[in-house]
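Okay, so chain A shows up in both of these, paired with chain B first and chain C after.
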Partner chain A sequence: MHSFVYRLNGLLTFSVTILAIMCAITSLSDNLHTPSPSAEIQVMNINWFQKQPQGNDEVSLTMNISADLQTLFTWNTKQLFIFVAAEYETPKNSLNQVSLWDAIIPSKEHAKFWIHTSNKYRFVDQGNNLRGKEFNLTLHWHVMPKTGKMFADKIVLTGYSFPEEYR
Partner chain B sequence: MGLIGDTVDSIKSIQTRQLLSQAVSLGMIVTSALIIWKALMCVTGSESPVVVVLSGSMEPGFKRGDILFLHMSNAPIRAGEIVVFNVDGREIPIVHRVIKVHERQDTGEVDVLTKGDNNNGDDRLLYAQGQQWLHRHHIMGRAVGFLPYVGWVTIIMTEKPIIKYILIGALGLLVITSKD
Partner chain C sequence: MDWQGQKLAEQIMQILLLAFAVVSFVAGYVLGSFQMMMLVYAGGVTLIALITVPNWPFYNRHPLNWLDPSEAEKHPRPQVAVSSKKKATKK
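Our next item is the complex of A and B:
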């Protein structure tokens, strides 16, 4: 019972168990924290709005995105993955979510920002339903912890709409 | 060395009954590990409740060697979720983020497009020939939790199998030569 190998085995088992407990407690500590983020998105310009040869509508727009997400950071936060998605309904699809822009915020200092950008990913519909349609722009964030449970939330901003005609 | 001498002495004094009872103990240990694994599969609803990150396509969030805990529920798939999916014909699952969702009104079926955070383009190049979207049946689970570095053990054992054999051999030797 007291050979080197047994002691090594006992030591390894104990340290792995302690590490696992520490990771679990670290992750649970995130539940004690209540964040209060804020964000604003303005659509500055619809650059163009066309129907593709395959029949799908596509739009390119430029947005001003400003947000203060500093309260989302805890000691257990490694980074924040944020993205802006356009969400709308069509006759065929009860929900369409199209990610327009995303970014990784590596630390609290970078979490209060303002950016002027066109959509990073192509905004293509399944079909040609976009003319005159209203849509929401939702800022989603995913908290990626140093260890443990990941969680996500969003702010929904309503009141945007496409032009009535192609441009 | 005393350690090797002790081990050799132990092997010399093995009796059949003791060997059999130790084989049974080893079998019990392996079976209980299997039971825990299967129970985890049941609880999380996913075929592989724990996956190791193999590539750098989700950096800096998930690095090679990290472990992801998966959970599959019937909740609808939404943009931003990190999902694990299998492409038809490929056996290695891919862990990427959902960037586009189109959900049908009537059937609730969903078209999903994914992209790795660290990749420039979306995953259409990874899908099967002619496939533009993923569907629900491709998706094995959502990543809900994460542990850094722990997956390196699995990566090392897969890429250098000799280490796996050495480890199992040493464990087997330990069990056989233990006096209880």
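Our next item is the complex of A and C:
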């Protein structure tokens, strides 16, 4: 308080400290929010299902993904990162998770959607265990905040299975 | 600024900053807009900078009374006696 520069420095440091506290409280306010998302995935078609030369199974499928994730958005949400993963069990691994498709949802308006797509990333098994195998499709989402903690959650959809034979 | 003015400036700065923090947070939360919170807060900081940082006259209402020059002359500074010592001559 003894000179212009002293007061300016005090003001700037105090205001930035208070800004940090405001951001922390903003992030904490996200905990008060209870979202209610919904999603559905239909496997329209198994395009092909082959064994690679190396011996690993590979499958290509077309999915119809529809979801309403609008309630996940808060005032502190920058964007939503979602991905679809196939989960199944093999004798070698108790849990296999293969990411098939992902997207970034930049705003609440885009969060209610449906998309008809083939898998963005290749679905290759560690081995040749996929014939007749049952698997789950899970839709994961990461709520990326403007400031603070990121929340992640998922919906598990069961009841999918591979064909018995290669095609 | 005088001493009272400095204290006043510091108090105004702290209280107004906290008040603006609360107001901007509530505004942002109610409107559901993070950007609104940032804009209100930034505007508040600028406003407070204009009020508390420059040396406004109302911070100088209790000026310090320096001694008048004529008063000071009546009490002259004591002179330090300088005695030149001659070297002791050889006997």
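Everything that follows uses one rule, which is that the second predicted complex is superposed on the first by the 160 of 167 C-alpha atoms of A that agree within 3 Å, B and C clash if a C-alpha of one lies under 4 Å from a C-alpha of the other, contacts with A are read in each partner's own complex, and residues count from 1 in each chain.
The rule we apply is simple: contacts are C-beta pairs under 8 Å (C-beta built on N, C-alpha and C of every residue); 3 or more make two chains touch, one makes a residue touch a chain.
Owing to the predicted nature of the structure, the values given are computational and were not obtained by experimental measurement.
**Q** According to the stated criteria, A:K112 is in contact with first (chain B), second (chain C), both, or neither; which is it?
**A** neither
**Q** In the superposed arrangement, does chain B or chain C reach more residues of chain A?
**A** B
**Q** Is A:Q97 touching the first partner chain B, the second partner chain C, both, or neither of them?
**A** In the superposition, A:Q97 contacts chain B only.
**Q** Going by the contact rule set out at the top, does A:F4 touch chain B (first), chain C (second), both, or neither?
**A** The answer is both, since A:F4 touches chain B and chain C.
**Q** So in the superposed three-chain picture, is A:K146 touching just chain B, just chain C, both, or none of them (first/second/both/neither)?
**A** both
**Q** Output check: A:A85 vs chain B and chain C. Expected answer is one of first, second, both, neither. What do you get?
**A** So A:A85 only meets chain B here.
**Q** On chain A, what residues does chain B touch that chain C touches as well?
**A** Residues 4, 146-147, which sit in both footprints.
**Q** Where on chain C does chain A make contact in their complex?
**A** 1, 6-7, 9-10, 13-14, 17-18, 21, 24-25, 28-29, 31-34, 37, 41, 45, 48-49, 52-55
**Q** Where on chain A does chain B make contact in their complex?
**A** 3-5, 9, 23, 27, 78-79, 81, 83, 85, 91-99, 102, 104, 106, 121, 126, 140, 142, 144-150, 152, 154
**Q** Provide the residue numbers of chain B that touch chain A in the complex, in ascending order.
**A** 3, 6, 60-62, 76, 78-82, 97, 99-105, 108, 111, 117, 122, 143-148, 174
**Q** Under the touch definition given earlier, write down the residues of chain A that touch chain C in their complex.
**A** Per the touch definition, chain A meets chain C at residues 1-2, 4, 7-8, 10-11, 14-15, 18-19, 21-22, 25-26, 29, 74-76, 146-147.
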